[in-house]
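What follows is subunit A paired twice: with subunit B in the first complex and subunit C in the second.
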Partner chain A sequence: MAAVQGGMSDADIETDIKTEPSTDGFGNNNANDGRVLSASPGSGSSTGSNKQTAAVTPEDQQTLLAVLQFLKKNKLIESVEILRREAGLPENSLDPKATESAGAGSGGAAGIVDLEGGDVSSLLSRVTGSSSAGAQAPTKAVAEDQPDVRVVLSAYSQQGDPTLYEVYYSDLKKFIETVLDCHRAELSQVFYPLFVHMYLELVYNNHESEAKAFFEKFSGDQECYYEEDLRVLSGLTKKEHMRGNETLLDFRTSKFVLRISRDSYQLLKRHLQERQNNQIWNIIQEHLYIDIFDGMPRSKSQIDAMSGSLAGEAKREANKTKVYYGLLKEPEIELPLDDEDEEAENEEGKPKKKKPKKDSMGSKSKKQDPNAPSQNRIPLPELKDSDKLDKIMYMKEATKRIRLGSDNLPSVCFYTFLNAYQGLTAVDFTDDSSLIAGGFADSTVRVWSVTPKKLRKVKSAADLNLIDKESDDVLERIMDEKTASESKIMYGHSGPVYGISFSPDRNYLLSSSEDGTVRLWSLLTFTCLVAYKGHNYPVWDTQFSPYGYYFVSGGHDRVARLWATDHYQPLRIFSGHLADITCTRFHPNSNYVATGSSDRTIRVWDVLSGNCVRIFTGHKGPIHSLAFSPNGKFLASGATDGRVLLWDIGHGLMMGELKGHTDTIYSLRFSRDGEILASGSMDNTVRLWDVMKAFDDLETDDFTAATGHIHLQDNSQELLLGTYTTKSTPVIHLHFTRRNLLLAAGAFNP
Partner chain B sequence: MSAMAEERRQKHCSVVLPTESMKAMAESVGVGQLQEDSCVALSEEVSYRIKEIAQDALKFMHHGKRRKLTTSDIDNALKLKNVEPLYGFQSQEFIPFRFASGGGRELHFYEEKEVDLSDIINTPLPRVPLDVSLKAHWLSIEGMQPAIPENPPPATKEQQKVESTEPLKVVKPGQEEEGTIQGKGQGTTTPDGKGQCLGLIRLKPRSTHELSVEQQLYYKEITEACVGSCEAKRAEALQSIATDPGLYQMLPRFSTFISEGVRVNVVQNNLALLIYLMRMVKALMDNPTLYLEKYLHELIPAVVTCIVSKQLCLRPDVDNHWALRDFAARLMAQSCKTFSTTTNNIQSRITKTFTKSWLDDKTQWTTRYGCIAGLAELGPDVIKTLIIPRLAIEGARIKAVMEGPVISNIDKIGAEHVQSLLLLSPKYPIPYHHLFI
Partner chain C sequence: AAREVKMSAPKTIPKDAQVMIQILKDMGITEYEPRVINQMLEFTYRYVTTIIEDAKTYASHANKSNVDADDIRLAIQCRMDQSFTSPPPRDFLLEVARQKNQTPLPLIKPYTGPRLPPDRYCLTAPNYRLKSIQKKVSSSANRISVPRLSVGAVTSRPTTPTLGTPSVQSVTTKVGTPVSLTGQRFTVQIPPPSQTTTTKPTTPSTPAVSNVLINPSLIGSKNILITTNMVSQNSGGESLKRKHEDDDDYDAL
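Let's turn to the complex of A and B:
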C-alpha cells in the first residue's frame, strides 16, 4: 500500500483550533494538537502547504496570533512553539497586548459598510466560545475557562432599554411589511436572526419577563422551519443557561449569513438610519453577515429553497473553489474471455473484447476528463491481484446490467431483519452484494452471507503451519470448514453501533459506535483489528473510501475525521459544522468527502487540503443520508424533513427538490448508471425518482449559474416513478447490485 | 418525558416543573423546609436541564432509527453530559411510573416492589427470545408490487372504500405509477409537459378486470376447493380467503361465484353446496382487508335466499336444512351489524322483508322458520318489538298444526322447529307462557 504523508496544510490551523476543544478534555488536546501541526514539516514536499505558508495575509497573521494566544493561555507551550516556528512569526509577536489591541481595534472599527471587519474579535470569541463547549465536561479547565465565556457573551451586555425591544422589532416589522413586494421577501430574512439575537440579549441582561414577552409576541412570526431552534431557545430563560449551551454559542460565534440584493439592503439601511434604530443596526453589524449581490431581488420561493440552516445560507465565496468532480481513470485490465461467456453472449462479447483493448491502446491519446483530479492527487493503494479479479468480475456483471429508466424500473428485493426488537441501527451491503452487515443497539455487529457461500474463519496459527503453502488452492486451504455458518457475530463495542461499512475488497468491515470508537474488523478471522479512538463522543457514521485504505468518520463532536487503516490517528480533521455530523460519504474519486449535519448544512471537503470546498444549505432538518451520483457530478441528500435535495457539485447549486416522503430519509442510492435515485425512509416506503429528468429539465430552463438563484419547479410528482410500501418496516439502507437490482433493508417493527 | 416534548411542541413558551415537585424531591433526600425562592430557582434550572437532555436523547432516537424514545436514549444523553445514567430503567415498552395522590399532593413514583429471591430462582426460565434473522422477499418486480403476504395489501380497505364511493378521486399506489407510465406513452404524441397538465384532470381510471395468471390459478384452486369434496382442502381455502390481504381484485369474481352458485343450487336443492357457499361468504366477511360494501347487492340476496327459501334440500323431512338457515341468519345479522348505515338501511329493509313474509298466513313453515331465525339474530331490540308481540298468535298457529289433523308431515316438522326455535331463543327474556295460552 502506498504510504500517505500527513500533509496537513497550514490553512487548516484555524479549523483545527476550533475543533479541538470540543473534541475532548484538555489533556488530550495537547497531544492531538501537537501531532496535527507537527505533521506538516514531514510533508515538506506537499506543494500546497508551502505556498500557503508563504502567503500569510495580514488577516491570517492576526488569526495566528489569536490562536497562539489561546494556546499559551492553556499552557500548550510545545504547540505554541511549533506553530510559531511554522508560521515564521518572530518570538515577540506573541505579545498579548498586540493581539488584544488588534482585536479591540477591529472590533471597534466595524464600519457600517465594511462587514468583514471584526474578524479577529469574532475569531477570538469563536475560539473561546467553543472552548466553553468543551468545558461541559467537568475538567479542571472549567474555572480557567470562565473568563473566556464572559468575553463571548459580553457582546450582549451593551443594551438599550429592555422595554423598547418590542418597539424596535415591531417597528422594523411594520416597515418590512410595507415595502414593495419585491423587497419584502428578502428583507424578511432579517427577522429570524434579529429575533434570536434580541431575545438572547434580553436574557443575557437578566430581563427575564421582557424576554419571555418578546418571545411570545414574535416567535409565531418566524418561519416554520426554525421550529426546532425556537424550541431550544424557548427553554433558555436565564443567563446561567447560556453558558455551555452549544446552540447559543454557535449562533453567537458564527455570523448568520443572509443574501440580499443591493437595492433591498439600501432600503433597510436607510430606514434604520432614519429611525435611529441603533439597537437593530448594531446587531446587524455584529452578528449578521450580509452577502450583497447586484441584480434582481429574489422571490420568496427562491429564498425559502436555500434557507433553513442553523447559520443562514452559504456565502457565495464559500462555493467558488474548483472541485475536481470527475472520475479517476480506471486501470487498464485485459478482460479475459472464457469460452462459456463467449458462447452465451456472442453479441455482447465482441464489443466487450474490443473495449479494453481500445482503452489500453488509446489511453494516452484519450484525454482525461478535464474535471477529474490528477490520478495521484491523493495517494491511492495499488491494486492487488484479487482486486483485479474483482474488477474483471465487475466488468462482466456490468455488461449484464439492466438499463433503467422511467419506463424500465428496477426490481426491489427487500431484506427484512426479523426479531431485531427495534435494535437495528445500521446496515451495509458489499459492492458485489454477497454480504450484509448489520449494526445493532446491543453493541453487536453481525455479518450475513446472502449467497450459498458460507462465512468461514481462517484456521488457527497452529493449523496454518501444517498447510502446504505452495499448493494452488492455498487460499481455500487456510479456511476452516468447521466454522462455516451463514452469519457471524462480532463483539467489541460498548454502545449502539450507528455506522457500518464494508471495505471494497470485502476483507474488512468498519463500525462506528456510541462508545466513541471506530472499529476495524477482519472478515477473515471475524475479530477486531483496530479501535480508532479520537472522537470521544458518539460516532454517527463512517464509510470506507471507494478505493479502500482511507475512511471517514463523523459524530457528535462536530468534526469529521479522515483516517487511513494503518494509522491510529486521523490524517485530516474536517471542522466547521455547527452541530453533530450525522452522515459521511466519500466522493467516487476518493478526493472529496461530503458530510451532512444536524446544523442542516452539507459540506464537501477536499481530502488533500482538508478545506471545506462546498456548503449546501436548504434542508430544514438534520440530514441523515447522502449519495453521490456514479459520475461524481451530483449529490443527493435526504433529511428529517422528508425531502431529497439534489446538488450540482461543480457549480455548487441546488438542482432539484424531491418531495413525497413523510418521514426521515435514512437511505439514498443512485442506480449504477445514475438514471434513477432510490430513497428509503422511516415512513416505510421505497421511492424511485427520475433524476435524469430532474437534471435535464433544470439545465435547459433556468440555469442561472452566475447568481446561483435557481427557480425550482415543483415537479416532484412527475419525477416520482414508484412508491413501494413495506409492511411496517422502515427502510434504512438501499443498494443497487452491479446488475441494477435494488436491494433494500430494514427491521420489521411490529 | 416524551409527554413533555409533546407539550412543548404545542406551545413554545417554557414549561416549568411545579415547585411542589422540588419540595417533594428535597424531602425525599432529607431536606425539609425548602425556601420558596430556592424552589422556583431549582425548578427552572431542572426544567432547563431536563429539556437539554431530552433534546440530546432525541438525537439518539433518530440515529437508532426509531420513532419511540427509549430509556436507553436518555441514558446515552446523560452520558454525553458526563452524568451517570439512571440504572434500573430498562423497560422497552413503557416507563413504570405510578401515580399517587393524597393530602392535596400529587406524586409520581417508581414502584419498587420487594421481590423474594427464592421466587425468582424457582420460577422456570422464560423462553429465550428469538435471534435476529434475515428474510428476503420481492418488494417490487419491474415496478409492480407483487401481492404476497410479506407486502402490505395492494389496496387498503380505506382505499377500496374511496374507490367505490368516490371513483374520481382514486389514487392507488399501484395505479399511480401506472398512470405516469401511461403518461409517458402519450408523451410520444404530445409534449411531455402538456401531457402532465392534462393529467391533472383526473378521469375515472379504467379498473383492471383482467387477473394475472397467478390470480386466475388461485381463483380456480380456491373455488374448486371450496365446493369440492375434500374437507381439509376446503378448510385451507376458506382460511386463505379469510386472511389473504391481496384478494380485493378477485372480489367481484367471488361475489358472482357465490350469488350464481346459490341461484343454481337452490333450484337443484343441493344443500351441501349451499352450505359451502355460505361458508365462503363467512370467510370473505372475516377478511379484514376487504371492503365488501360494493358487493352486498349480490351477497345479501344469496344469503337471504338461504334463510327463507321454501325448499333447500331434496328431502326436507330428513335433511338438516335448518342448520343452514340458522347459519345464514347469523351471517345476515353480522352483515347488518357491519354494513348497515343510515343511507343503505340494510337492517330495516331486511327486517321488513322478514316480517312481511312471516305475517303472511300462506307462508310455508320453512320460510316462517327462516324469517323468525333471521329476526331473532338481529338482537334483543328486534326480538322485543317484533317477535314477542307475535308470540301468542304464533303459538296458536303451532298448536293448530300440532293438535289438528295431520295434513302433511312436513308441515308438522316445520311447526315443531318453529316452536323449538321460539323456545330456544331464550338468550333473550321471552316469557314462556306466551307460547301456550
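Let's turn to the complex of A and C:
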C-alpha cells in the first residue's frame, strides 16, 4: 500500500496519507479500498476533515455508500440522513459534481489527477455501476444511476480509467522489451492473461468502444497458440455476451497461473510499484497467481512447451500428491494342465507338471509394489468363473504375443467403415478383438463380429428353460440360432453417439450421446438395459473400467462422472475443468481417471477421493485422445495441435513431445508391452513411435522434479518408426490385439 | 465432403448471405458446405423473430406503444434461460462434487448376477400391454373358452414366456368367481401349437400334455394353477414375478 501512496506527489494528499497505514493490512486486493479513503481528501474544499471512519472497514464503506446511493435514488431522504449520521460519513462524500470538479482542479500530472478523479468517481462507479472516464463521465454516472450493491461485490471492480488501459499496456510492453533477455521470456508470459483480463473488464463495464480499440491494438501481439481464444474474444463485445459462456466466466473467476523465477518477478514488481499508475499491478494481484520458484529463469522454448492452457500452467502443489500408478496384483489362477499349455510352461522354462504361479504382467515379486495401490483401496468386483476363463485365455494369448520394437514393427489391419457419410463418431473393439462397435451420428449403435462367428441373441426365457443346463456346451445352447447375423443395430439414443466402450467381460456395451445420457446395452439380448441420466448436455466420451463395473463419462458440462452399473446416480463427480471434457480414460489399476478437456489441460483424478491429483498443461488445442501405458507409469495425450505429449505421472512432468502429425490426433494406443505407441489422426495416417527409447532417455533429477523445468529433446524424428497412410480415411480408433497386431478403424471419407 | 464456397458475383447472392459468409470468415471458419449458410440464415431469422415477438408481448404487457431495448433485453434473457441453457456454474459444480465425493464408494456384493440399478431405473420392463379380447368367462362357459383364456393370454403377451396366468387372474378378479365354473370339472384340451400364435414355440412340451384339469376350487384365487408341465416350467421364469407386479399396477380393463 505504501507504494501506492508513494506515487502521489500532490501535497494536499500527503497529510491524509499518513493516516493510511492503518489500512495497509488489508492485503493486496484492496488497493482500491485504500484509495477510497484517500479519495475523499482529493475533493479539496470542505472535506479536509475527512473523518476516517476507522471503525468501518473499506469494504463496508463501499457497501454503505452503495446503500446510501440506492436510498437516495428512491427518494428515501430521511433514511439517507439517518444512515449517514449513524455511519459517520462526511456530507459530500456522495456528491459527484463537487468531488469531480475538485478532482479536476487539483492539477498535477495527468495520470495522477485522472487517478484521483477516477478514484472518487471510481468509488461511485463501483456504486453506480457505470463508467468514470474523464470529467464528463461522472455526470453521466449520475444520469444513468444504477445503484447496485451486487456491483460493489462483483468480481470486477473498476480499475481506473478505461481510456488509459492502452497506455498502461503499452508501458508494460515497453518495459518488458527492455529487460534482460533471460528475463524477457518469463515476463512475456504476463501479456496474454493481462490482455484478456483487461479486455474482459472493459467489456464487463460496458466500455465497448474502448474494448474494441484495445483489442485491435494488442491482439496481434499475443502468442500464436492463443489464436482460437482471441477469435472467441473478438466476438464478445457486450456484457450480455458473457452470460451464457461458462468457460469465460470460469476464466474470469479463476486465477491464471504463471511460473516465474524469483529474479524476474522482483524486476516486474519493482517496476510496477514504482510507476504511478498501478492498475496493472492491481490486475495482476487480483487475477494472476504467480508461482515463484528459485532458480534460473526459463527459456522461451521451455515456457512454450508448458504453456497454452486456458488457465496458465499448473501450480507446483497441484502435482505433488502421491499417485499410486503401479498395477494391481493379478490374482493367482492355475492354468489347466492340459496339452495346450505345453508351450506356455516350456517357455517359462519350468517343468511341465509344475503349476505356473502368475501371469506375465510383471508381478513376479511377492512384495507389494510401493507405487501400487492396495487391492482394496477401491472396491472391485470379484472374479467370476467366466472371468477366470477369460484370464486363462488372455494368458495363453500373451505367450504367443509378438515382441515389438524398433526393429520389429507391428502389422496394421485397417477396418474401414464404408457408406458412413461422415456419420461414424465412435468406435471400440473388445479386448480380445472379437467384436467391433460403432457409434453413429444417426444415433444408432452397431456391433459387428470381427471373427467368422456370427452374433446371436440369447434365447427367450421360455426356451431357456428347455435346454439341458448341465451339458458342456450350455453356453452355445443358450444362443438362439435364428437370430444369427453379422451385425446388430441398437436403437435408443436420440442424438449422435460420441463415446462407446465394451465391458471387459464382453457382456455389456456403453454408449454416450449428445442427448445427455449414457446407455448400457446388453450384448446377449442386444437391447438397452439402462439409460444413465446426469449430464444434461452432450456426453463426449465414456469408458468402462478395466475390471468392469465402474465407468466414467465426461461431457459438455465440464465435469466427469464416475458411475457403477448398479447405481442410477454417479458415485463421484470430478469437477475442475474450465471447458468441456472431451476424453476420459481409466488408469490400468482402475484407481485413477484421466480427463482431457477443451481448456487444453489434462487432469488426473483419484477415484477414491474425487480429488484432482495431477494437472498437465502444454497442449495448444483441445485434447482428443489419451492413453495410459500398460505399466501405468506414463500417459500419452494427443490434441488438435497435432502433437503427442508424454507425461510421467509419478513426477507430474512432461517427458516427451512427438511431432509429426499435421492434424488432430483422435486415437492413441500403447502396444501390449508398452514398447510402441501408435497414433491415428485426421491427416489419414497412423504413426508408430518408439516410446521405449523416449522413456529410457528420461533423466529426472531432483531439480527437475522440484521446479518442473523440463528439457525436451527435439528427437521426434528419431522416435518415429513409421508412417502409414490410408487412402482417405481419418483414423479414429486404434487397438492392439493380444498378440500385438495393430487394428485401426475409420470411416472412408472420399 | 467439405468444399470451399465460391464467392459468386454479388448479384447472385442476397445481402443476408453475404453478411453470413463474412461472419463465418471472421470467426475463422474457412471450410464449410454451401448449405451451411442457408441453415445459419434460417436459424438467425427464426431466432430474431422469436425474440422480437416475445419483446412485443412484453412491451404490450407494460402498456408501451413501442418496443424498446429493455423489452428486447428481457426477451433475450428469458429465451436464454429457456431454450439455450448453459451448464451450471463452476462454484455450484464444485459444491455438488464435494458433497458427492464425501460418501465412500459402496462395497460390491459378490455373486449378484447382472449388476443393474433397481428395476425402476432400468429399461427392461415391457413398455406396452395389449388389451385381451376374451369375452367374459361367465358368458360362454364352454370347454373351449377356458383354454382360450389361458392360451389367449399367452398370445396377448408375446414377450413373456408365461402361459398368461396373471392375466387370467386379472380377468377373474374383476369378474369374480365365474359362476359357471364353480362346481364343474372341465376337461380341457389345449389346442395344438399350430393354432396358437405364440411367438415362442413350445413344441417340445405340448405333446406331453393334452388334458388340463382345472380344479374349480382354485378358480378365483390369485393363481390358477393349471397343472401342466408348461406352467411348471414357466413359473420358474423370472419375468413371471415381474409380470404380477406390473399387472397389479396397470389393473385396468
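Following the convention adopted for this analysis, the second predicted complex is superposed on the first by the 565 of 750 C-alpha atoms of A that agree within 3 Å, B and C clash if a C-alpha of one lies under 4 Å from a C-alpha of the other, contacts with A are read in each partner's own complex, and residues count from 1 in each chain.
Assume a contact is a pair of C-beta atoms (placed from the backbone, for glycine too) under 8 Å apart; a residue touches a chain by one contact, two chains touch by 3 or more.
Quantities reported herein were computed from a predicted structural model and do not represent experimental measurements.
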{"item": "Partner, of subunit C and subunit B, that touches more residues belonging to subunit A", "value": "B"}
{"item": "Contacts of A:72 with subunit B and subunit C, given as first, second, both or neither", "value": "neither"}
{"item": "First (subunit B), second (subunit C), both or neither touched by A:570", "value": "second"}
{"item": "Which of subunit B and subunit C A:556 touches, first, second, both or neither", "value": "both"}
{"item": "Subunit B versus subunit C as contact partner of A:380, first or second or both or neither", "value": "second"}
{"item": "Partner chain(s) touched by A:463 [first = subunit B, second = subunit C, both, neither]", "value": "second"}
{"item": "Which of subunit B and subunit C A:315 touches, first, second, both or neither", "value": "neither"}
{"item": "Partner chain in contact with A:234 - subunit B first, subunit C second, else both or neither", "value": "both"}
{"item": "Contacts of A:538 with subunit B and subunit C, given as first, second, both or neither", "value": "first"}
{"item": "Contacts of A:454 with subunit B and subunit C, given as first, second, both or neither", "value": "neither"}
{"item": "Residues of subunit A contacting subunit B in one complex and subunit C in the other", "value": "231, 234-235, 240, 245, 537, 556"}
{"item": "Contact footprint of subunit A on subunit C as seen in their complex", "value": "1, 26-28, 73, 76, 80, 84-91, 93-94, 96-97, 100-101, 103, 105-108, 110-112, 114-118, 121-124, 161, 200, 202, 204-205, 233-234, 236-239"}
{"item": "Touching residues (chain side subunit B, partner subunit A) in the complex", "value": "8-9, 12-14, 44-45, 47-48, 51-52, 55, 59-60, 62-68, 70, 72, 76, 80-82, 92, 129-143, 145, 150-152, 173, 176-177, 180-181, 184, 196"}
{"item": "Touching residues on subunit A, where the partner in the complex is subunit B", "value": "136-138, 212, 215-216, 219, 230-232, 234-238, 240-241, 245, 406-425, 436, 438, 440-441, 446, 448, 450, 487, 495-496, 498, 514, 537-538, 540, 556, 580, 582, 598, 622, 624, 640, 664, 666, 682, 686, 718, 720-727, 730, 732, 744, 747"}
{"item": "Residues on subunit A engaged by subunit C in the complex (per definition of touch)", "value": "227-228, 231, 234-235, 240, 243-246, 249-250, 253-254, 378-382, 460-463, 465-466, 492, 507, 520, 522, 527-531, 536-537, 549, 556-559, 564-568, 570-576, 578, 607-611, 749-750"}
